[in-house]
C-alpha cells in the first residue's frame, strides 16, 4: 500500500478526508437552519437569502476563494476579528480549507435538506404539538427525522464537493503540503506537470473511492431509517 | 371543566361563525359533512387561529384575538384524535404511543400504558411501523397516543368510524369510564347518533358553519327529532340486578325498565337512550308480548311529518318521542291527552 | 475564420493590446483562448482548432514539439520576463537578494512566501530554481504558500496575508498593492521566456501573417507596455 | 359477473389465506379490524401480488401465480374507492373526477359526470384542491372518481364510514341503482351491518385472514346471528302503494308488510332487511298496538345465548331470528312448534 | 448599457446563457430518467450507478474536463464516432461547453429530482393505475407533477452550476471568445490580468443576477404549482 502513493500524497489524502469531514460536519447545523428558513420561512428578502445561499454555486470557485480571502484573511474584517477575539486563524490553515469546502458545498447541502423539509406533511408536526411537543421538540423528533433523506443527500453532495473542490481552496489558503494541500490541489499540480497524468489519475481514483464509500454508507443509513416510513 | 368557544373563521368560501359553551362531560359536535366540525376542533386544539373570537378552557384563555393571545397547541394539553390517524411514520407503534409521555408534565399524568394498549387491542402491533397497519388499527393507535399524553380535554374527530361494531362496543364503555371516572371532558365529533347519544351530555349541532342547536343531549335530539333517531333519553336509577335473566332493573317514575346487565353499583344514576324506532305504543292492554318494558305515558302532541307521525309523550315527567305510521295513528286514535303504554324492547337498549 | 491563438493566461493584457492594434490595422479580428499553458498544450494534442500556441514556458512547447504538433520552423522565443520579490505596499521590509539571502529570517516563524505552484506554475518553477541557486530554498521551503497561478500569489501579498511573494516583474508592475523589494538575478533561474509557434495542423492562411506581425517591431510597444522584454523580435 | 378469488399472501406476521367466489351483484366483505379485508381488495385491484393463488374475473385471469400471469391494475378496469381517499393533491377536484376518463376506453363508458357530481353533492367543490376538503367531501370525490372511470367491477373499502346519515341515505340508493340498473358488480367492505344487509347479495366474512363464512346475505347473517343484528332478510313483492299513509305494501307468504314509500314499480321483487331487535313476538291476539306488521310465524328453535334468547322462526318458509329476554321466553312459554305473531314496526324498515 | 461591457464580454454573456440553457434543457430528460432509476430502481449495481452519477462532483473539474477531452475530443472514441456518424463535433464548440456544464451539473440535478421522487406517496400512483393509467401515463400525470419541486430545484442548481462552471469547460473546450468563452472563463482570463479585477467583478455580478433571475422564476413556478398540493 505504502508504495502506491508518495508520502506527500498520503498526506494529501489524510488531509482531504479531515477537511471534508470537518467541512461537512461544521456546516450541517447551519445547513439545516438555512434549509428550515428556506422551506418554511415567509419573510421579506427570502428570495435574496436564497440567492446568497446559491452564490458559491454560481460564482467561479476562484472568485469565491478570493472573496473568502478578502473576508476571512488575516487582514480581512472577519478574519481579523476571529483572530483577535478567539485566536482563530483560518488563512493558510487546514481550517481555512475546510471553510472553503464548506462554503462551496453549502448550496448543495441546503437545497437537498430544504427539499426534504418541504415534502414533510406538516400535519404530523401539528399532531406532535397537540401531544405536548414544543417547537424545538417537534423539530427534533418529527421534522429532523423525516428530513433524513434530504440530510443524507446533502451530506453526500457536500462531502463529494469537498473532495473535489480546489479552486476556492487554493485561492483562499494556498496549497501547502500537509496543511492545505488536499487531493484536488495535488491533482491540479500534477496535471500541470508534463507527465503527471498517471499520478493525477491515481489520486482521482482515491477521491472517487472515498466518496463512493460515503455514498454507500449514506444509502445504508437511509435504507435502515426509512425502511418503513415511506408513505 | 368549562370550554367557551366563540370564533369566526373564513376558509375560502366557507365561513365558520360559531359560539357554544361546553360544561364538562362529553360534548358532541354533530352535523353533516363539510359543516365545519373539524374546523371547530382545529381551533380548539390551536392548529388554526380564528379570524376573530375567543376560546377559553376553565377560565384560561386559549386564544383571544382581541387581546392577541394565542396559546400554542403544545401548551394547551388538549389531546386530539384526528379524522385521519396521523401517526408518525418514522416511529414504531410503541414510540407513537409513548410520544406524548416524553413531553407532558410528569405531574397530572394518568392512564396506564398496558391497560390502554390492551383495551385497544394493539398489544401485538407495538413493534410495527404505522405504515403496515390496517385502517382500524391505525385509528386505535391514534386513540391510544392521544390518551397517553394525559390531556385535560380530549378532541375526537370521528374516532370510531373505521372500527367494527365489536371493537366499538369495547371502546365506547372505556370512553364512558374516562368521562365518568377520570372526569376527562371530551369534544366528540361523530356521525353516529347512537354513539353520540350514549356518550354525550351536550350536543352542538353544526350546519353550514353555524350552530343550529345546542344543549343537553335529550333536549336537542328531541328538538331535531323529525329526522333523528332519538326517542327519549331517560334518567333512571339502578335498582336491582337479575342474575338469572341477566338483566338490570332500572327505576323510572313511569315504571321499571329492564336492560341487559350493566354491572353498575345499585343506586347509580344512569342515562338510557331509546331510539324512536324502538318505541311502540299500545292503547289498552297490549296482550302477551315479548316486549318487557312498558311505561305509562300520555300523549302530549301529535305532528304529521313527511313520512310518518311523530307522537310526543310525557313519560313520568320526561319527554319521549315515538314515530308511528299514519295508519296506526288513525286506528289507535292517538290524540293529545290519551293515555297509552310505551312498549320498549329490552334488548334494544343494549347499545343505547 | 478568425485566427485562433492559444495563449498562456498571463499574456492576457499584453496580447490583448497587441491583437487590438492588429485588428485596427488590418481589420482582421484575432480570437485568443487564454488558459493555463498545460491545459492548452493538452487541447492542442487533442486536436484543438488553434493556429498559434503562445506558451508561458519552454516545457509545454517542448512537449508539443516532441510530438510533432508544431511547425518548428516558426518557433520563436518572443518574450522575456523578470522574477521579482514583492512585499505589501506598506511593508518596510528591505532585503538584498543574493547568495544566502536572509529571506527565511525575514519571513519569521509564521510568515508565508507566496509563489505559484512550484511544481507546475511556471513562475513557481522559476522561483524555486532561483531560491535553490541562491542556497535558501531549504530554509524557505516550509514557508512557501503556493497558488494555482501567479495572480493568486500576488493576491496573497497584496492582501497582506503573506509578507513576501515571488512573481513576474510584469505582475508586480500591474498590481498597485505590492512593491518590488528586489529582482532575482537572471542567472539564478532558467531564462523566463515565452515561446510562440504555429500549430502544425493549422490551415488558416492568415495565421502566418499574424505570427509574423507579432514578432515584428510593430507589436513591440504592446508587450513592453506590459513590462515584458521583447527578445525574439525579428527585424 | 363472476369473481373467483383464491390467494395466499403473507404480510409480516399476518397471513391471508382466502378463497371465495362472487356471482355478480354486491358482495360484502365483512370482518373485524385487521382481519384482511383491505388486503383482499388490494389483491383484486392488482396493487399487490399474492404469494400463491389465482384470481379471475368473468373467466379472464387477473393473476395466476402458477402460470405467472399478472395483469397490471391499469388494464383490469376495476374501480377502487380507497379506505383513505387518495385524491391527487396536484389536481383540482374536477380533474380528479375526470382523471379516469382520460385513460379508460371510450367504448363501454358509462356514468354521467353531471349526474354523479350532483348526487354526491360535490358540485360546489369542482374548482377546489383536495387538500382543503373535509373528510366526508374527500370521500365523496373519491367515490365519484372511481365511478367516472367506468369500471366493470367496483371495489369499495368502507366508502361511507366518513359520511353522515343523511348523505349515506342519499348515496346508498344510488349504489343500489348501480347494482340493479347498471349491473355493476361491487365488492364492498363495510363495518355497518345495515349497509351490508341492504346492498349485498352475498357476504364473505373474514376473520384473521381466513373466510369464516360466505354465502347469500340472508343465510350468512342468520348463521352468525348470535352477535349480529340481522333478524331476517325477506323477499317480497311490491303489491300496492298507499299514497294517503305514505307507505308501500309488500306481499309476503306470511302476511302483508308495510314499509315507507319505496317508489318502485308494482310487481318488483325486493329484499327487506329486518333487524333482530325490531322483531317482537306475541302469543295469541295482540292488543291495540301501533305495530302494523304482523306476520304469522312458528317457533323452530330456541337457544340461550349469553345475554338473551335467540328464537328461530319460520315465517312463510323463510327463516327469521328474534331476540328476547329470558324472562319473556319464560312468560310466553316460547318453545319449538309454538305459533306466534312476529311484530315488526313498519317505520323500522326505512333503512333496512 | 453597451458601455457597461465590452463586445467580448457581451459575447461571453450571451454564450453563457445559451450554454447554460442548452446544458440544462438537454440534461433534464436524462436527469429525470436517472433520478427515477435511483429513487425507484432496485437493481444490482445500483450503488455503482449512483457513484458514476456523482463522479463529476467528486473529481476536480479539471480532471472531468480532461476526461471529456479524452472521450469527446475529435480524436476521442466517442467524439470520433459522433463526428463520423452524425457530423456532430463537440470539441472546442459551444456545444462542448454545454456538454461540460451539463455533466458538471448532472449530479446536482439528479439528486434533487430523486429526492422529490422518493418523497412521493406511491399510493397515489396506485390510485392512478386503478383508474386506467398505464405506467407512462402514471409517470406523466402523477409522478412528474408531484416531483416538480425537485425538478425545479434541480434545474436551478444545475443552471447555476453551468453559469459558474469553468474548470471542466476551459479544459475540455478551451476559452475561445465567441465560441467557448463563457462568463466564468472570461472571469478567469480577467483575473489573470493585472487590473482585471474590476471587470471580473462586473461579470461575476452578471452571473449572479442571471441565476438570481432563474431562482426567482423557479420559485414563482413552484409557488404557483404547489400552492395547494402540500400535504
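Chains: A, B, C, D and E, in written order; residue numbering restarts at 1 for each.
FYI, contacts are C-beta pairs under 8 Å (C-beta built on N, C-alpha and C of every residue); 3 or more make two chains touch, one makes a residue touch a chain.
As the structure is a prediction and not an experimental result, all values here were calculated from the model.
Enquirer: Any chains in contact with both chain A and chain D?
Expert: Common contact partners of chain A and chain D, which must touch each of the two, are B, E.
Enquirer: Averaging each chain's C-alpha atoms to get its centre, pick out the one most distant from chain D.
Expert: Centroid comparison gives C as the farthest chain from chain D.
Enquirer: Name the chain whose C-alpha centroid is most distant from the C-alpha centroid of chain E.
Expert: Result for max centroid distance from chain E is chain B.
Enquirer: Return the distance between the CA-based centres of chain B and chain D, expressed in whole Å.
Expert: 26
Enquirer: Chain B to chain E: how many Å between their CA centres?
Expert: Measuring from centre to centre gives 60 Å for this pair.
Enquirer: Report, in whole Å, the distance between the mean C-alpha point of chain D and the mean C-alpha point of chain E.
Expert: The computed centroid separation for chain D versus chain E comes out at 56 Å.
Enquirer: What residues in chain E touch two or more of the other chains?
Expert: As it turns out, chain E has residues touching two or more other chains at 62, 66, 123, 188, 191, 230-231.
Enquirer: Scan chain D for residues touching two or more other chains and write them down.
Expert: Within chain D, the residues that touch at least two other chains are 84, 132.
Enquirer: Which residues belonging to chain C are in contact with no fewer than two other chains?
Expert: Nothing qualifies.
Enquirer: All pairs of touching chains, please: list them by chain label.
Expert: Applying the touch criterion to every chain pair yields A-B, A-C, A-E, B-D, C-E, D-E.
Enquirer: Write out the stretch or stretches of chain D touching chain E in their complex.
Expert: Residues in contact with chain E: 45-47, 72-80, 82, 84, 86, 88-90, 99-100, 102-104, 129, 131-132, 145-146, 149.
Enquirer: Considering the complex alone, what residue numbers of chain C touch chain E?
Expert: Touching chain E: residues 4, 6, 9-10, 12-13, 16, 31-35, 39-40, 42-43, 46-50, 149-151, 170-171, 173-175 of chain C.
Enquirer: Looking at the complex, which residues from chain C come into contact with chain A?
Expert: Chain C residues touching chain A: 36, 38, 59-60, 63, 112, 114, 117, 119-121, 144-148, 152, 155-156, 159-161.
Enquirer: Please output the residues of chain E touching chain A within their complex, sorted ascending.
Expert: Within the complex, chain E touches chain A at residues 47, 50-51, 54-55, 57-63, 66, 107-108, 111-112, 114-116, 118-119, 121-123, 149-150, 153, 156-157, 160-161, 163-164, 166-167, 184, 187-188, 191, 200, 204, 207-208, 211-212, 215-216, 219, 230-231.
Enquirer: Can you check the complex and tell me which residues of chain B touch chain D?
Expert: Residues of chain B touching chain D: 11-13, 31-34, 37-38, 83-84, 124, 128, 132-137, 140, 157-158, 161-167, 191, 193, 227, 242, 244-247, 258, 260-261, 277-278, 280-292, 306-308, 322-329, 331-332, 334, 343, 345-348, 350.
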